[in-house]
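Have a look at these structures, which come just after this line.
Okay, so chain A shows up in both of these, paired with chain B first and chain C after.
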Partner chain A sequence: MKDGKKTNVIAFTVLLFLSALFLFPIYLVVMNSFKSRFNIVSEPFAFPDSETFVGLENYITGIESSGIIDALFRTVFITVGSVLAIVIFTSMTAWYITRVKNKYTKGIYYLFLFSMIVPFQMVMFTMTAVCIKLGLNNIFGIIPVYLGFGSGLSVFMFSGFIKSLPKEIEEAAMIDGCSPLKTFFVVVFPILKPTAITVAILNAMWIWNDFLLPYLLLGTNNKTLSVAIQITMQGAYGSINWGGFMAMLVLAIIPIIIFYMFCQKYIIKGVIDGAVKG
Partner chain B sequence: MASISLKNIKKTYEDGVTVIENLNLEINDKEFVILVGPSGCGKSTTLRMIAGLEEISDGELYIGNRLVNNVSPKDRDIAMVFQSYALYPHMSVYKNMAFGLKNRKVPKDEIDKKVRAAAKTLEIEKYLNRKPRALSGGQRQRVALGRAMVREPSVFLLDEPLSNLDAKLRTEMRSRISMLHKELQTTFVYVTHDQTEAMTMGDRIVVMKDGVIMQNDTPQMLYNHPQNMFVAGFIGSPQMNFINCKILRKQDCFYASFNEYNIKLPMRMNEALSLYADKEVVLGVRPEDIYIEKEYFKGDLNNVIHLYVDIAEMTGANYYIYGSIADKKLIADISPNSKIIKDTVCNLAIDTDKIHIFDTVSEKLICD
Partner chain C sequence: MEKNIKKYFPIFLLPTLISFILVFLIPFVLGIYLSFTKFTTVENATWVGIENYIQAFTQDTNFLNALWFTVKFTVVSVITVNVLAFCLALILTRAIRGTSFFRTVFFMPNLIGGIVLGYIWNLLINSVLGMFGYDITYDAKFGFWGLVFLMNWQLIGYMMVIYIAGIQNIPKELNEAARIDGASPFNILKNITIPMVMPSVTICLFLTLTNSFKLFDQNLALTGGAPARETSMLALDIFNTFYGRIGWQGVGQAKAVVFFLIVATIAFIQLKITARKEVEQ
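On to the complex of A and B.
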């Protein structure tokens, strides 16, 4: 009993330290977003005082100069579109490859798994070239690209959950007069809801925060949030508006943090369902 | 209402394994037929082929006069109740039951009428707004039955619908399903591995083994006149005793001889046994056809065997004794008032009017 308590205390201390370590950069960003750009560079860790505190000035200049509002709408469009595409297409794919068992579906499943271990950096230049040739370098075209990148993990998670579903429910639907498409959307998909929410959250988070893919495909004309912040705040000759930069970072992470707070219980549940029942 | 006809049905899976070979079965309109057999005997596959959930590799399947080999499940006019209930977890009980009718574009008020009527019959009216997860096993099974009922199908297919229920509930549901059949006057095909369900519910029982029908008969006929050792052993609990013995002929009488015993066989068996004189056969006798009461000895002490009692089990209504005669094991179901205790030897008489003689090689019935 005593040993257990001791272990708990140690584990709590370690986790507290780790949490602080992960939260520290966010703390730095928030704190510096209220300081003048020169104070940020000279004293990055100092708390703003009466001399260095600039109020919302960084936020105002950041919003004015970065075009963050346009970027925000663009990012929302890309994130929502990509997440919807990922959830609908990967759940259907996972259902098919789980229920129709042959060497082809098995091969496709392993292909999806393989796609998870290929780093983006390995394919980014060739893929960018191909996408530009195919005319996918716009905010609509980037959605299928995200679908491709997000499908590996999503198919894996959906498959794990579908394997645990009794096939009889689908057979009952067939006898009750459903076509395969209706069976999927009316019977199977509602049952997949917890996993679908998890898949949506996980994908929404990385697509929202992604910098490299929109930078490569959309360039600086159709800036997403992360690209807008990085590009616009960078002045001439390597000068950076650190104040505006920090303020825009804070604005960019607020929506996704709120989204995560609302949905975090589903993430844990969905990941466990997929992993354990699979 | 419809009859079902399976003609030379064969089922071979993609990996080349054949589970059903040349199955022929006629199920009459309004009949309650039970498919029974051990796991892997092909009973569920047969039912699923009737439902259209498994493709038929060869042969013809008729529901009514219609060849349905290539007809999809929804167009076969069947309803199926699954072992796992297969209720839609995200729908309420009402929606579960109404789903099939809604898909068939039945008017809303008619759906409502049918669902409520079925719910009343099955006593699940107060659960109509509940989700399946808020119901007990027995209630879920009744919802599954209700879902099938409202469709008013020509054929009801039930795949081990009671095996997930506890013993008490199973007994209750057994009679409920029998009543339902009586009420609906529809063809029922019921798959089970439980011989009690088979014996108590069906008009006719089809006993299967390795994809082959071993016997297709009424419960009484299966019990009293099993056509082979498999059926004899499968139907009845505890199972029939099988004793390897030799047929001896003395003048006009035939005897089953084993160890030091010569059991005199009834004269009605003479003709059938005439080909088996001095040959090995298997004598089958049900535990309840072995007695300790003296009146069954029939004055012929040759029919008395001495059993060493290994275990004596009192279950209330029955008293089972498990014993051995040298190398042969024997189970007897004797009067519960008996005073026999284990590790003693008791005298038993076999009721020779109720014995069955099987061929050792083909395991088929010679006479009974």
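On to the complex of A and C.
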């Protein structure tokens, strides 16, 4: 037992050291975001002192020059809108194709599965062309686009859960005169809640961070967070304002950390469920 | 009941299905067709047969370089991420103080998006290399190991969480019985823990495999392919062929089809292995 205690102390020390290593990159960005832009490149590891500390100056210039606050709100809007659309519509689709059994619904199910293995680069050019033609290249139009790309995994996860549900409750509701729509939203959907949370989290993480799809569809006029950061760097051709850029990175990380703090339990559970089923 | 539901197909099925067909199915079929044509927009395609595919492999050395770079990166990442994640999971399933704090810290990088991650590591790596007068674009080796470090930082926590779930599913009696019989910790690890978490190992191997193979955002942000195009992975090379070289869209689409076929093969192998495992259980 004494031996076990000793190895635990060693393990604890190793873990503490590793946590410091894991947090170091983020610490570096946050710390540098308060330093004068000229000292970031010349002495990146130095803690800001009275001479190099600039307070919130980097945040002010970063926000003014990049439109990152607009990008933040845009990203929130797109993420929330798309996740809601995905959760509502794909759960309905999954219930329909699980309950109505014929060769068409089976075929549709396999098409959804198939879409999960196709890399985005395979469809990016043609998808962009189709969406521009349909006028989906704006922050409202991108929501059905995300519904289409998110449907594979989401239908798959909802279907897996619905298959395990007994039909009797739904049948009873319909015999009592509920329409299928009412049956689904009053009886079925509340039971789907755990899966709905998982689906929502997996899609939110992906859409919030997505770069290529909004870059191709919304371009530089309607930047999301990832696009704003990439464009700031790309457009600077080496003469970047490092102070403002550090501030942008911090502003992009903060919402994720807050989300993580509040929903950690669900996020980790969602990620495990998604991995096991996907 | 089925008949009753069936009538409601426009409400239940159509919103998802129409989006899916418009943004995925049509572009997918169109993409396969366009890979056999020369085009600059979807409307001006002329049939050229398999010329694009030949061009992708012969005239354009970038593609084979990117393929080789991607394979090397994937092998190194899959091994390092999984070994480290498994070790961390082993330590964290012991009775140690602060387990949940450590788990929180190790998992966090997974939530940060690829572009942001790429620039965080760009700063860190350039700061370290800067002390010796280099930067990350000086040598492809720096970019390669930079990407490996970044990938480890991002995925270790994720895989660790899956391994922890696997280890915690092992019945306690099994370990206790082995200990009473005098098995050493190493023997328990080799004969009980590892065989029992094999399903998690399969999942994690394929997750890291596909994630590494399809990497794009991190690649773009960390090195952008520099120096020259030596650190371009497949996804970035395809992107550059499409949008960086006028008149090469057909070749880009052909490369994308090859990329899809490789990813589909990996997924197919995974499906077979998982299906066989399920039968055995």
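Everything below uses one rule, namely that the second predicted complex is superposed on the first by the 202 of 278 C-alpha atoms of A that agree within 3 Å, B and C clash if a C-alpha of one lies under 4 Å from a C-alpha of the other, contacts with A are read in each partner's own complex, and residues count from 1 in each chain.
Note that in this section contacts are C-beta pairs under 8 Å (C-beta built on N, C-alpha and C of every residue); 3 or more make two chains touch, one makes a residue touch a chain.
Just so we're clear, the structure is a prediction, and the values are computed from it rather than from any experiment.
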(message) Between chain B and chain C, whom does A:Ile60 touch in the aligned arrangement: first, second, both, or neither?
(response) neither
In this superposition, the partner of chain A with more touched residues, chain B or chain C, is C
Considering only touches as defined above, state whether A:Phe45 meets chain B (first), chain C (second), both or neither. second
* Asked: Between chain B (first) and chain C (second), which does A:Ser151 come into contact with in this model arrangement: first, second, both, or neither?
  -> second
- Is A:Ile258 contacted by the first partner chain B, the second partner chain C, both or neither? neither
* Would you sort A:Pro190 into first (chain B), second (chain C), both or neither based on which partner it touches? => first
Taking the superposition on A as described, I'd like to know which of chain B and chain C A:Ile69 touches: first, second, both or neither. neither
Subject >> Which of chain B and chain C A:Glu171 touches, first, second, both or neither >> reply: both
Both partners, chain B and chain C, contact chain A at residues 171, 174
Chain A residues touching chain C in their complex are 8, 11-12, 14-15, 18-19, 22-26, 28-29, 32, 41, 44-45, 85, 89-90, 92-93, 95-97, 99-101, 108, 111-112, 115, 117-127, 129-131, 134, 136, 144-145, 147-149, 151, 155, 167, 170-171, 174, 179-181, 184, 205, 208-212, 225-226, 229-230, 233, 245-246, 249, 252-253, 256-257, 259-260, 264, 267-268, 271-272, 275-276
Counting only contacts in the complex, chain B reaches chain A at residues 14, 51-53, 72-74, 78-80, 82-84, 86-90, 99-100, 103-104, 147, 151
The chain C residues in contact with chain A across the complex are 1-2, 4-9, 11-13, 15-17, 19-28, 30-31, 34, 41-42, 88, 91-92, 94-98, 101-116, 119-121, 123-124, 126-127, 130, 153, 157-158, 161-162, 165, 203-204, 207, 214, 216-217, 220-221, 235, 238-239, 242, 249, 252-253, 256-257, 259-260, 263-264, 267
In their shared complex, chain B is touched by residues of chain A numbered 102, 166, 168-169, 171-178, 182, 187, 190-191, 193
